[in-house]
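There are structures below to look over.
First chain A sits with chain B, and in the next complex the same chain sits with chain C.
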Partner chain A sequence: MTNRRYLRELLQDSSFPSFLMLVLLVIVNAILQPNFFSYQVFRINFLTFTPLILVSLAQATVILVGAVDLSLGAGISLVTAVMASLMGDSVLSIVLVVLLGIGVAVFLSLFNGFFIGIIGPPPLIMTFATSTIWFGAALLLMPHPGGYIPETYYGLYTASIGGFLPTPVAVLIVAMLFCLLLGRSRAFRHVYAVGGNEKAARASGINVTATKIFAFLVSGVFVAMAALCVVGQTATGDARSGQGFTLNSVAAAVIGGIAFSGGKGNYLGAAMGGIILGLLINIIYFANITSFYQEFMKGVIIIVALLIGAVPRLRRGATRH
Partner chain B sequence: MSSQERSLLKMANLKSLAANKLTIAAGAVVLLFVFGEIISPGFLSFGHVMSVLRLSVFLGIVALGQSLVVMSGGEGIDLSVGSVLSLGVVIASSLLEGKNTNIPVALAGAMGAGFAIGMVNGFGVAYVGIPPLIMTLAMASVVEGLSLIYTGGYPSGSAPALLESLGNGRIVGIPYVVLLWVLVIVAATLLLFRKRWGAVLFGVGANSITAELSGIDVKRFRMLVYGICGAITGVAGFLVLGYTGTPYLNLGAPYLMSSIAAVAVGGISLAGGSGSYVGASIGCILLITLSSILVALQTTEAVRQIVYGSLLFVIVVAYTRRRAE
Partner chain C sequence: MADTVLQARHIKKSFVGVRALSDANFVLREGEVCGLVGANGSGKTTFARVVSGLLRPDDGELLLYERPVDLRSHLDAEQYRMAMVHQNLSLVPEMTIWENIALGREARDALGLLDNRAAAEQARGALATIGVGLSVHERVRNVSPDEKQLIEIAKALAKDPRILILDEPTASLDFHQVEALFGAVKLLKENGVSIIFISHRIWEVARICDRLVAFRNGETVGELDFSVHDRDERLIVPLITGREVKTRIRKSASQREREIAALQAPAPVLEIKSLSLDGGRLKNISLSLRRGEVLGLGGLQRQGQEEILMILAGYLRGFSGQILINGSPVSLRNTRQAIRRGIVLIPGDRQKEGLFLQHSVLTNLLYPKVSMHRGSFFLPTSRYRRLATEAIDKVSLVPPNPRLNVSQLSGGNQQKVVVGKWLTLSPTVLLLNDPTKGVDVGTRENIYEIISSLTAQGASVLLYASDNEELINNCDRVLIVFEGRIVKEIGAEEISEEKIVVSSLNVEHTGEEAETGNTR
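And now, the complex of A and B:
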C-alpha cells in the first residue's frame, strides 16, 4: 500500500517525464556514440554539458520566481569578452580576472533583478532589451572573437581532479550542493511562493521585491559559473559565444518540468533538462547530419521536446489563458 | 456582443493615454530629424526624409504583423519574424529568377511559407500552450535552418525590373512603397477600429476568458493571428527583395529587435488588448531615423546595438512607471 503511494508520488513528480526522456536518450546515445560509457567520452561530454546545465539552473531560478531572463546568453558573451581581453599569464591576474568575471555576471543579473523587482516591467521584454545592450557591449569590447586565455586556465577546465574526477563534473557537484543548500533556505521557499502566487505571497507578509532580487542574484551566480566554464572550454572571448544559451536554457528548464508560469518544478529537473538537451544535440552530431541541417534539427528537437513537455500538463486538463 | 462593447469602452479610456504616448513618439521623431540636420546638413532635405520613410516601410510591414500578435494578448510576441523575412527573401528570389511574369507566384510563395510557419507558431502557442516567446524563438532557429537548406547556403535568383522599381522607384519624389504604406496604414486602422475582426482582436487580447464566453473560438483566433503575422512578414521579405535587388541570407535579422521596439515605442501595450497601428508606424519611423543618425555619426554595430537596447529599456521602464501610477 505504502509502496504504491510512493510510486504514485514518483510518477506525479514534475521531473518524472524528463527522467524517462533522459533514460531513452542515454540508450539512443549509447547506440550512436561508440564508447559512450567510457571515461574519455564521459569527460568530453561534460565539457559541453556543464555550461548548459548551469545556465539551465540559472534560468530555472528566475522562472521559478515568475520571471524569465533572455539576457543570459548575451551576459555570458560579455563575461567571456571581458575575461579574454584582460587575462594574463600570472596566477594573480587569472584570479583577479576570474573574480571580475564573476562580479560582472552577478552585476548583470542583479541589474535585471533590481528593475524587475522594484519597478516591475515585464521581465521578458526588459531582459530582451538588456540582452541587446550586453551584446553591444561585448561587441564593443571584442569586435572579433579572440583575446587571450592562458593554458593554466583552460588546462584546468579540461583536466581531471585526482585523475578521475573531470573538472566540469566537479563544478557540477559544487553547483548541485549549492542547490541543495538553497532548497533548505527560507528565502528559497519565498521564491516558490512569489512565483506561485505573487498577491498571496505579498498578503502573507513575504517581501516580494527582495525575493525577486534574491532569485536574480542566485541566477547570476549560476551564470557566472557557466561563463567561467565557457571560457575554459573555448579559450577565447567571443561576443557571440553565449548566443545559443538563451533558448537552450529556457527549453531545458521547461523540458525539466519547470512550469513557465512560475512556482513549480525543481533544480534536479532543470539539470536533467540540460543533460537531455545536451544529449539531443549530441545525436545531431553523431547521426552525421550535414551542417546545414544542424540548426534546423536543433530547433525542431526543441519544439518537439516542448510539445512532449506539455503533454502531462494537457492531460491534467490545465488550460492557459 | 457585450465584451465587444466593453472592450470598445475600455479602448476609449486607453485612447487618451495612447494618444499621449504617440505625441511623445512623434515629437521625438521631429527632434531626431532636427538633431540629424545639425550633425549632418542635408538630413532634413526632402530626398533624405523620403529615404528614411522608405526604409521605415519595410520595418512597418513587419511591425504590422508583430502588432497584431502583441495585441492578441496572452503574452503574444513573435521572435521568428527576422528569420521568416529572410526566408521570404530567398523563396521570392528563387521563384522570380528575375522575371516579371513570376511575380504572382513569388508573392504567393513568400506569403504562403510565412503563413504556414505562423500557423505552426500559432498552433504551439494556442493549442499546446507553449509560451509564445519560446515557441517563436525555437521556430526562429528552425526557419533559419530552412533558409540554409533551401538555398544550400547560396541564395539564387534576383528581383525583376518591375519589383525593383516598386522597391526603389519614386513618383514626384515620393517612393512607391511609401504610398503603399499609407494604404496599408489606412486599411489596418479601418480593420482594427471599424470592423468586427478588430473588435474581436482587442477583446481576445484584453480578456480571453470573456471573449471565450461570448462565443469566440479564442484558440483558433490566436492561431490565425500568428498565421497572418507570418504571411505579412513573408510579404515584407518579398518587398525587401525589391529594394535590395539580389537576395542575401539573414536580411531579416535586423528587423526582429526593431519590430518589437517599434511596437513598444508606438504605445501598443505588451500585455495585449490595446494600441494602434498608427502608433507602431510612428515607432518604425522613430527607429529608422535613429539608425540613420547613428549611421551619419559613423558608429559601429556595437554602439548601435547598445543604443537600440537602451532605448527599448528606457521605454519599457518608463511605461511601467506610468502604469503603476
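And now, the complex of A and C:
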C-alpha cells in the first residue's frame, strides 16, 4: 500500500512532467549530436549547462518564497566584471578575488532581499530596478569585454577532477548536496510556507521578513556559484555575459514545475528545467537551424514544455469544483 | 475561586473609520470554558485577534496571569502559551498535514536539522485527540473544509497551550465532528486549560461553556454564569440581540401551495432527469422545481448536494443526464451559460468565490450585470448605479454605502452583497450553497426574508443547508441526499427535525449498518 502511495506521489510530483520532457529531449539530442553519450561531449555540455542550472536554482529559491528576481543576470555580469578586472596570476589573488566575487553576488541578492522583505515593494519592479543598476555598474567597470583571467583559474574549470569528474559536474554535485541540506532545514520549510500562503505563515508564527531575506541569501549563494562558472567558461569579464540568464532562469524554473505563485516545486525540478533549456539550445544548434530561427524555436519549445506541464492540471480541471 | 488567567479592561480598537471595539471587557479563569457570543460585526473576532496579539488595541488594558502585558505580535502571545484557532484558516495548502501542524515550531534533531519523523508523530497525536483519522501525509489542499478546520484545531493543540481561543471552530463541522471536538474541550479543561469559545450556534455555547460573555457593537453587554443560571437558549438570545428575536413565522403548507399556484406556471421551471456524475458522486438524480418553490437538499454533509448545485451553476462537467429549463433541454457547460438561463449560485465560501474583497460594494454588486452586458460599447453607468442602490436597499446593507470596500464590511453584510449582486439580474433559479454559514441570527433572518420576497415574485430556490433548522423554516419540500442518491422526499406537511435526521442516516435501508455505526 505504501508503495502505491509513493508511486502516486511521484506521478503527481510537480517535477514529473519536466522529467518526461527531459527524457524526450535527451533522446532527440542523442540523435542529432554525434557521440552524445561519450565522455567528451558530456563534459563539454556541462560546461555550458552548469551556470544555467545554478541560476535556475537561484531563481527557483526566490520564486518559491513568492518573489522573482530579474536582476540575476545583471548580477552575474557585475561579478564577472569585478573578477576580471582584479584577478592576478598569484594563487593568493585568485582566492581573494573568488571570495570577493562570492561576497558581491551575495551582497547584491541580499540587497534585493532586505528591500523586498522589510519595505515590501513588488519584487518584479524592485529587481528590475536593481538589474539596471547592476548592469550600469558593470558597464562603468568594464565598458568593453575584457579584463584578465589567469589560465590557472579557467583551466581548473575546464579540467576534470581525478581525470573522470569534470569540474562543472563536481560543482553541480556540491550544489545538489547543498539543496539536500536545505531541504532538511527549518528556514527552508518556512520558505515554502511563506510562498504558499503568506498570511497563514504569519499566523503560524513564522517571521515572514526573515524568511524572504533568507531565500534571497540562498539565491545569492547559487548566483555566486554560477558567476564563478561563467568566469571559468568565458575567461573574460563582460557586462553583457549574464544577459540571457534572467529570463532563461525563470523559464527553467517554471518548466521544472516551480509554481510562479510560489510555495510549490522543488530543486530537482528546477535543475531539470535548466538542463532542458540547455538541451534545447543544443538541439537547435545541431539541427542546423539558422540563428534567426533559434530564438523563434526556443520560444515555441518553451511553450510546448509549459503545455506538457499543464496537462495534469487540465485533466484535474475537468472535475474541478 | 480559580485564578484569573486573562483579563481585558476597556479595550478599544478602530479600523479606518469603523469602530470594531468600543469597550470590551472580559475575564477568563483558569480551567474554564467561557463562551463569547454576539451578532456579526459585534467585535468578537477583533477581540480574539487583540487578545492573541495579532492586533494591537488603541486603548485599554490586557492582563495575563494577573500581570499587565503589551503583546506586540502573536509570537509574544505564544510566549504566554496562548494559541488561537483561526476562523480564516492559517494552513498552507501545498504542504502536508503534518508539515502544517508543525509549522512555526518544527521539531529538530541534534544537528539542528528537521526531525520529520518526530513532527509527523506529534501531528498524528494531535489529530488523534480530536478523533480525526486522516493520514498526516495527505496534502492540505486535498482535504475537505471541515477536515481543514480540524487540522487547524490540532495545530493549536500541538502547541500545548494554557489558554486556547476557538473562533467559530464548529462552523463547518458536522454533528459527529462537533461531538469529538467537545470531548477534546472537556479533556483540556480537566487538564487546567482555559478556553475562549466563540460561536454563533447558541445551543453549543449553552452546552459546552461554564460561563458566557456577550458583545454588542463592540461592547460587553452582559454575562451569564451557568453555575447560577439555567443552560437555556432563551436567556442567551436577548443578550445577543438586545431584544426578543422574532423568528419569521413559517407560512402554512396550504398557504404556500396557494401562492405557488397563483404564479400559474404550466411546466416546472427546472427539471433534472437521471443525473449522474463521474466516480459515482451522483447517481441517477431526478427532481423538479416549480415556479416560486423552495426545494431543500438535506442530509449529512458531502453526500452530493453541493455537486448538484455546482452542475446547475455550470462549474462541473463530466455528468450525464438531462437538465430542462421551462421544459426545454439546456446545456450548462460553463457558468456563463447558467447565468444566462437565470441560474445563479450563492456560494458557501463567500470570501473565496463570491466577492472581490478589495473592490467596492458598488462594483461587486454590478459584476454580474456588467459581465452579461451586450450591445453598446459603453456601459450604461447611471442606470447601473441606480440598480446597485436598489439592491443595497433590498438587502438592507449596513452601512448602505456603495463606495465602501467589501473587506470593510462584517461577515453577515458581506453575505448580503453576495446575495444582492444577483438581484440586479432578476434570476429565475437561485442555488444556495449553505448561505448562512457563520452568519448571525439577525442577518440570517434578513437573508431568508430576501429569498422569500424573491420567491413571491416567481423565482425558485434550491437550498442546501447543513443546518436542518434552515431547511425546516424555509423549504416547501426537502430531498434527502445520501451517497449521491436521493433517498427520501419529505413533503411540506411532514418536515421536521426528526424526520430529516432519521432520513439523513438512511437507516430505513441499511438498518444494521446504522446499529454497528453507533457502537463504533
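Quick note on the criterion: the second predicted complex is superposed on the first by the 309 of 321 C-alpha atoms of A that agree within 3 Å, B and C clash if a C-alpha of one lies under 4 Å from a C-alpha of the other, contacts with A are read in each partner's own complex, and residues count from 1 in each chain.
Convention: a contact is a pair of C-beta atoms (placed from the backbone, for glycine too) under 8 Å apart; a residue touches a chain by one contact, two chains touch by 3 or more.
Model, not experiment: these values are computed from the prediction.
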Contacts of A:T132 with chain B and chain C, given as first, second, both or neither: first
Comparing the two partners chain B and chain C, which touches a greater set of residues in chain A: B
First, second, both or neither for A:T152, with chain B first and chain C second: neither
Chain B versus chain C as contact partner of A:A201, first or second or both or neither: second
Which of chain B and chain C A:F292 touches, first, second, both or neither: first
Touched partner set for A:S90, first chain B, second chain C, both or neither: neither
Partner chain in contact with A:G263 - chain B first, chain C second, else both or neither: second
Partner chain in contact with A:R184 - chain B first, chain C second, else both or neither: second
Partner chain(s) touched by A:V250 [first = chain B, second = chain C, both, neither]: first
Overlap of chain C and chain B interfaces on chain A (superposed complexes): 319-321
Partner chain C, residues of chain A touching it in the complex: 5, 181, 184-186, 189-190, 192-193, 196-197, 199-206, 259, 263-264, 318-321
Residue ranges of chain A in contact with chain B within the complex: 68, 70, 115, 119-122, 124-126, 128-140, 143, 239, 246-247, 250-251, 254, 260, 292-300, 302-303, 306-307, 310, 313-314, 319-321
Of chain C, residues touching chain A in the complex: 54, 74-75, 78, 86, 88-95, 99-100, 103-106, 108, 112-114, 137, 155, 278-279, 310, 315-318
Touching residues on chain B, where the partner in the complex is chain A: 74-75, 77, 124, 128-131, 133-135, 137-146, 148-149, 152-153, 208-209, 218, 257, 260, 264, 270-271, 300-310, 312-313, 316-317, 319-321, 324
